[in-house]
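So, here's a batch of structures to check.
In what follows, subunit A forms one complex with subunit B and a second complex with subunit C.
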Partner chain A sequence: MSTSSYKKQEYAGTGSSNALPDKMAVFQDCIQQFNATPVKTKRCRQLLARLLRLIYTGETFPAQESTTLFFSISKLFQHKDSSLRQLVYLTIKELSSLSDDILMVTSSIMKDIQGGDVIYKPNAIRTLSKVLDPTTVFAAERLFKNAIVDKNPIISSAALISSYNLLPNAKDVVKRFTNETLETIQSYKQFPPTQFQLHEYYGSSTSNLPPTSYMYQYHALGLLYHLRNHDKMALMKLITTLSEGSALKNSLSIIQLIRYINKILNDDESLVVHLYPILAGFLKHRSDMVELEACKTLINLQHLIKDDQFMAIITTLQKLLGVPRTATRFAAIRLINKVSIKHPEKIMVVNIELEGLINDSNRSISTLAITTLLKTMGAGTVDSGAGGENVDRLITRMTSLMDEITEDFKIVIIEAIENLALKFPSKHKKLVAFLTDLLRDDGSLQLKSSIVDALFDLIKFLPDASAKQLILMNLCEFIEDCEFTELSVRILHLLGDEGPNTTNPSYYIRHIYNRLVLENSIVRSSAVISLAKFAAVCGGDVAKNIKILLSRCLNDVDDEVRDRTALSLKFINNNQKKLIVSSSKYDLAALESKLTHYLNDQANFSTKFDINEIPLLSSEELKSLEYNRKINKLDSSTTDVTENAESVAGTPAAEDKSGADDTANELLKQQEYAQELSLIPEFAEYGKLSKSTITPFYLTEKENEFVVTVVKHFFIEAQKLVLQYNITNTLPRSVLQDISVIAQPDNELYEEDFIIPLAELKPDSTGTVYVSFSTPSIEDEELLAAFGNTVAYTNKDIIDDEGNVDERDDGWSDEYQIDDLEVSAGDFINPLYNSNFSAAYDQLPNPETSVVTVGKADSLEVAISKLRASLNLMPLDGSDYVPSDSNSHVLKLFGKDVWGGKVGVLVRLALTGGKIVAKIEARAETEGFSSIVANGAY
Partner chain B sequence: MSLNISLYTISAVLILDNEGERLYANYYNHSGSQENGGESHFQTLAQQTKFESSIFSKINKAHQDIILYDNHLITYKQTNDIILVIVAKINENESLIYSTVATLFESLNILLDNTIDKSTIISKYDLVSLAIDETIDDGIIIEIEPAIIVSRVTNAPKFDTNVHVDLDKGIFDALSFASKKIGERLQQGF
Partner chain C sequence: MGQAFSFANIFNKLWGVNKEIRILILGLDGAGKTTVLYRLQLGEVVTTKPTIGFNVETLKYKNLTLNIWDLGGQTSIRPYWRCYYSNTAAIIFVVDSTDKDRIDIACKELHTMLKEEELQNSALLVFANKQDQPGAMTAAEVSQALSLTDLKDRSWSIVASSAIKGEGLTEGLDWLMDVIKDEQL
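This part shows the complex of A and B:
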């Protein structure tokens, strides 16, 4: 027996077992076999396959070895067998990233492209883009051009893909293929029928097979876009030509075309008139992927299209919901879910289809169906109140579903339910019941935490006191046999905060006391604190009883429990309510920034840290912060709710955080402004800064020669208004000097005190001009004003590269008029949350009514956001949401003015004859302010 | 959602076995394309295998065809003891990606004679890797018609083409040829 036959057996052995072949053995064999003469084709192909398997499972070869491999593989070029050659090309392509010596095979590849077999020619072309570099690409130009226009669609596609891959390195060369590419898009290329016979599966019956798949159109279009994308006119022409008739036969190329249309529309929305018909045409197509892409694009552009046009999209989606292919249904419901976030009423027509999908075999689909339904239900029933049965039905179906689905999806559904309950408080009863039922079932800590989180939020934000009680009682029951210490502690803390203010505190005390008897020391110590809160708030008999209960804990085995009991008893006996229950909290963000500031500089340590610098937030203000945060989070998270649900790693999207922190940032920003202003001696005596507008207001176009933004600072006690003009010089060759702003108020009660001008402003820098005014007080009749603004400056040209100006040049003085600035009612108001608008509103004095037409608003939605912006109040009871089919709406707004009084506004909006009329009823604690609010809205 | 206007559509093609071990894994890194922003968290083998094992736990034996996971759109086909997975960006056209995985699956099915399983894939690895290469190149979808893909994949040579130049015989031939020639020259010339 010779050595070679012995080896053959060995290979057969390793081949049949599924273990990964040994790297060094494969390497050695490759070197040996590839260099052998004659080349054994079958053996070599086997070896290459084994090598590829190593590569595709993640093995790598050191540079030295891959070079050796490369050299030996290149020997195989001498062999004519096309089946071997095809695999050689694949291997070279995969090895190309590992070796630096790939250039040496360039000429062999080029030779194959010129005269090689049609089988491996496309492989050669695709490999070529890997071995070419910017210096050698010129040599291949001719080859590429010929290949692109080749009659064989595969060769053409390969050349187009190869050129596409070359774009980053050799765009100028690829540009010369533009004509050939254009020709290819509109040509007809047929797959050589003889090639089908290569595989016996098709045998001789090739007549049923498609002659071409037109994929070259897709590749050509993709390449062409990159050659043309700087030229909008050329692109428009391309789109119109290709969208006519059936110029594009390939679905992928149509998808690509739709994306280009989308891109163009993103840049220039005015083109929608020309491009909408094209997109709408694709809503009915034989391929569902084209229909999907058209829906996707149109939904992205929904602000540009009319309602009836929108219905066409929904109809297409409705059809797609019923197709057998899971991926398509999934895509359709994903889109519908996206629409439902903003416009649940628009998709109510598909409710029946959605209900059918609740039991879909794909869990993502059923979850999306449920969350979407929860939204449309809410939309349908917010006003009528008649849709209660729908919610009932949905909840019954969900309850049955809950047993079957994984926890991730349960958490998604819990979030959706919480969202619904927050937005539509009238529906809370059913939803709370659903949540508490779920809480009783078995579940992991993560699931239970999310339910408890949801219930906590509902307690905080539901206006109805009975709802609060219901949830609290359920939570009490839950901790009776809760296996998670962490959750028990949280619930006990909440009971301590909320329980004393309910009608039957003794109920909760009993439950908490049970914990004291039965639980571990961690739960016991938090139960002690919780009980102490009841004693402090309720007083009287309750306090007396609690003292008895607590005194028993003085003998607890755990020292923490004993300590806490002793301390609590001491506080209760001395009536130190404040030490047990805090009515206000420090703004943590501000505290953190102040502390970091303090700790960063040793010099600060000579004085004590002054805690009084940190603003104290009352529990109400804290609630409005949290409410805002919550709503923001819900809105942003529903977008990617399913995405998150699927991810175990749970990478919470970063944008969630940014949205949630907005409100906290506002407070920080206010602090920063106060700090900045206090450093300017002129403003030192103004005292405490009452309020600053947070977002700078643009008084010029953003691409002007200079860009001016303004921030208004109010010092109410000193009756001062400081306007902070931030001016940015965008002129590259000019220096501005002696810049000041002349602000002309239309209200005589505003008197200008002084201007702090800006000495010099270099190109691309920003400076600040302050203008200070004495303002009228609230007793004066006219508080609001508008300012006409003019920037005055001296302009000097830059004469050298260092940015210097000619000393002798006096420059020229100029004035530049910028937009007017208004002081509106909203400037005196901070939004404030209140869980019970009607009660709070009814208690407010000084009612004042006015009727205005909301300008420049063509829908209720726009009008509401305008009113919110101008009045700077917080919308309550979910009243900022308008179903788009209604013609009237009631908006409830609440806030707190800078003098410390509460402001409530009830706005009745009606849409008549294309105009929006608002009847505004304002009530405010501060005398005289309600009329300002009522008349200041526009 | 930023729009993908490039041809680079597919992020990765994977074939995993019934324990989540990779049989084939090809991650397409489009560092060249700007749309991608160069962000790719599949740079290292460790990241890749971590990703594979976590999607495997999500999709194994759950016949969902398509899921969203960790900001990726994942479509797959499971049969016997393997899963064929295609990973794309989250905002890709779901139907398009699913068509690609279905196409590839059907092509493999034809090429492997209706037996897509672990041992067949390993023994006919050349066909598998060629079929994938004829379907997707560098993340660009080349072909969505199974018949064309199948026809593009060459079968392995049935036997070693024995153009056996018998070395020994060759040398003898040459020697005898040479001796004959020399003999002739000798006779002619001298």
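This part shows the complex of A and C:
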């Protein structure tokens, strides 16, 4: 009878599908059954399971009911059944956050940990960590210590994890477990042979279980790290001890160790001498997870290691490419792909393996293989004279492959080819030919759009005019037989923008006119606009002919086409060129933010929205933005997954990423600063903000008591410099008052006007101090300066939990010296894109030359990034990529200064005797600025 | 089947088997409740720590199954006593006979507790504990201090005891068993 009734209730309880049991019914059953004597174990277990299911799906009980429930459950402690006890613990753990009375089970749990059954001991330990509060935790200290060193690895692990969970509430107590944890990490703990046999589920299969998993090492390492991560020396000692021999047996714990090493190295790169051998040791390990983690870490640190050391990584990855496990192959090829973005030449040795992987059954792997190959082969073409063969070989291979693969796959390849062409503009011909061939083949809209996208980008960014012409002509051919209206329209628009400036506009006009005759109304109307652009730009005969062509369209059957034609003809006849083609566009991001701001407040509606507040972008500036975005996207798309993982381990990666976002939103950010400053009355008369440094510059260590960052704001017209010091108070028990920053310039031409101090800074809050200076003008000799900075403040201790200070406490005044701040040439420059550097550079006046040694840089790559950062110019022609084996390099930089003049810099870098010498040739339209750039570059 | 069931019931009542008897051990902190519990269960003295919560043990005593709950006596835990009152056959109230300063508090707690509806039918056994220590009050003195004579309609008894030495515990428990058996029949 009993079995059948249970079955029935199960069905009734769970319903036909996945319906949850009724909350109140379960509650009533629980109260009734748990209070009954004697306890019916099986029934209670079922009820607890049902209750847990409710809780896990997010059901909660009102305070009164959860208290009743909790006390009823606590009565189950009278029964010794171990399965029941396990469920009791699970439930109490869940109820611990709901009920305040949870401490009532403390003694019972402690008793179980001391003398209970090994089956539920781990459950008891884990529950105890939820039940303890700061007042009761001391009573459990000894219990935890004993459990950590317990011979049973499961109990030990439970205690370690529970200690970890106790950290936020009782750090001082957990700190005293350090010795026990160290003992555990170095010990050998075996599963008791009887542990699983006790449980019917495991039954006879227990004979196959390994004697230990060493998982407790992983748990112990995690705890130790948290106890020591503020003490670098202790951490180093831990790492050295644990990496010796085979102290760590568990792969996960080794991976964790590698991550900690990575974190330390991110904070202090000088330690690489000690830590590299450890990481290199893990490159050969029986677990491929460990090998991969070591490779990943070393690749992130590649700027710190030598070439032959780097080869060891590649050898390991090469081996991993051949293993049967898909996940491993994927991870390995992803790392190789990451290397290929910056150093394609370093991984050419694995080309054979990569070619093999093109046909891998896993599509992700084969995609990565192809994109990587595209990069390595591209690298070959730049390096060696015989590179042409490589590209030929690649293209042949691609062409044959294109027939076999699916479309979304083709799109990936198209993107890779576009990137290749962008990075190595000299090789564009073959790549463009490949793309246009592909365009002629059959394909879906999606595929064709991606090809057209790629071609559009190439037209924008390729410096070569003949390349542009080649692509345009191919696109013309394409629209002759294009079945997709969307694409025809886009191409017609592009032809209208680019075509008039080419040598043979009439060629395009013919193709466009064909559209007017043959296509549907949507295409026809865009063809009209396109033709109008030719007429406006070219003028003369062309305009006359186009007028004839357009006048025929006035009789078109479609009204849109007729309207556009009439309008265009009117503009052409009245010579209203500006209305047809515009040389500049509004900054859309700024426009959007201004509009939102405007619409948010009804009061704004009394005045008209002023479009002039939106900065106009010339097509050149627009291009630099797009180019930046493009390059950032290209770099991040392949690395963002890894960066996400890293940002958990180390903050620098996360900041890099936000740095990339900043460039995209640079103008927006500038707008925000301008808005903020305009609200401060002292700065009202300074006029227009010329330039602000975008990323805040740290003047202190990031883990300092006060973290200070600075942003420089230049008001060129008013000759003012405003330093914005953002100060964060990280001291938990102190309030800072009357904070000011004393900035001491080493250049007498800078004169301090005033300081806007900060009245009060509470713990964990950030405030701003402004210091305003009058600056010299560009005509003065010394424009650059360095500022020594000191923070002055009054410190008061917090006396209660509300964060109040004693009114009678006068506090004590203190000063705190922080790092110096430099005003460098780059502060006066904005990067600007130009597709033809040489031509633009040659036209610039005022050449100035200087020769400097780039300090603290041991590779060309580091030197280039330093120069880029200090000058804030845009590297052109892909000149920021250095082949790693070369000893000299030419860097081409371009930008626009705050006075509106263009700046071009040609840097010849040479690596001699371990030093990097740079010959800087600067040219600038603004008189006197080129010498500042040349001399202030480093 | 129903008949068999009721028969079993009567049988159990007669012989007192399989029927668990719930007993609470209460008292101020440090009175010796946990020591009493384990002296009864294990027959030996265990080292104890202040009980945060409760201890529960089952023991057989003269054919009866006793389910004994020892609740912590700290001020913070006393409010929770009432959560365990239901179905309680008897209360063992342990008093530290040497603690003259707090005997008033013990008296107050005892009388508040006995007013509870759920405990109206429970028997009361008071242990005047720690008789082994010098200066301990006698059972009579404790009885007077706790105003036990004021109790009406309740079976109660006070026994001088020393949990450390094991004196007085069995006498008290024997009395309790007699009372419970009487009441159940």
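Here is the rule we go by: the second predicted complex is superposed on the first by the 560 of 938 C-alpha atoms of A that agree within 3 Å, B and C clash if a C-alpha of one lies under 4 Å from a C-alpha of the other, contacts with A are read in each partner's own complex, and residues count from 1 in each chain.
Going forward, a contact is a pair of C-beta atoms (placed from the backbone, for glycine too) under 8 Å apart; a residue touches a chain by one contact, two chains touch by 3 or more.
Values in this document were obtained by computation on a predicted structure and should not be read as measured data.
*Asks:* By the touch definition at the top of the document, which applies to A:157: first (subunit B), second (subunit C), both, or neither?
*Replies:* A:157 contacts subunit B only, not subunit C.
*Asks:* Quick check on the superposed pair: does A:38 touch subunit B, subunit C, both, or neither? Answer first, second, both or neither.
*Replies:* Both partners, subunit B and subunit C.
*Asks:* If we overlay the two complexes on their shared chain A, which of subunit B and subunit C does A:331 touch? Say first, second, both or neither.
*Replies:* first
*Asks:* Who does A:606 touch here: subunit B (first), subunit C (second), both, or neither?
*Replies:* Neither partner.
*Asks:* Comparing subunit B against subunit C, which has contacts with more of the residues in subunit A?
*Replies:* B
*Asks:* Name the contact category of A:270: first (subunit B only), second (subunit C only), both, or neither.
*Replies:* Neither partner.
*Asks:* Is A:292 in contact with subunit B, with subunit C, with both, or with neither (first, second, both, neither)?
*Replies:* First partner only, subunit B.
*Asks:* Does the superposition put A:503 against subunit B (first), subunit C (second), both, or neither?
*Replies:* neither
*Asks:* May I ask you to decide whether A:105 touches subunit B, subunit C, both, or neither, giving the answer as first, second, both or neither?
*Replies:* A:105 sits against subunit C, while subunit B stays out of touch.
*Asks:* Once the complexes are superposed, what residues of subunit A are shared between the subunit B interface and the subunit C interface?
*Replies:* Dual-contact residues (subunit A): 38.
*Asks:* Hey, which residues of subunit A end up touching subunit C in the complex?
*Replies:* Touch list, subunit A to subunit C: 35, 37-38, 71, 74-75, 77-78, 101, 103-108, 110-111, 136, 139.
*Asks:* In the complex formed with subunit B, which residues of subunit A make contact?
*Replies:* Subunit A residues touching subunit B: 15-16, 18, 38, 40-43, 45-46, 48-50, 52-53, 56-58, 81-84, 86-87, 90, 93, 119-120, 122-123, 126, 154, 157-158, 161, 164-165, 167-169, 191, 195-196, 198-199, 201-202, 209-210, 213, 215, 218-219, 222-223, 225-226, 251-252, 255-256, 259-260, 262-263, 266, 288-289, 292-293, 296, 300, 325-328, 330-331, 334, 361-364, 642-643, 646-649, 651.
*Asks:* Considering the complex alone, what residue numbers of subunit C touch subunit A?
*Replies:* Those in contact with subunit A are residues 18, 20, 22, 49-56, 58, 67, 69, 72, 76-77, 80, 83-84, 86-87.
*Asks:* In their shared complex, at which residues does subunit B touch subunit A?
*Replies:* 1, 3-7, 22-26, 32-33, 45, 48-49, 54, 57-58, 62-71, 75, 90, 93-99, 110-111, 118-119, 122-126, 129-130, 133, 137-138, 140-145, 147-148, 150-161, 163-165
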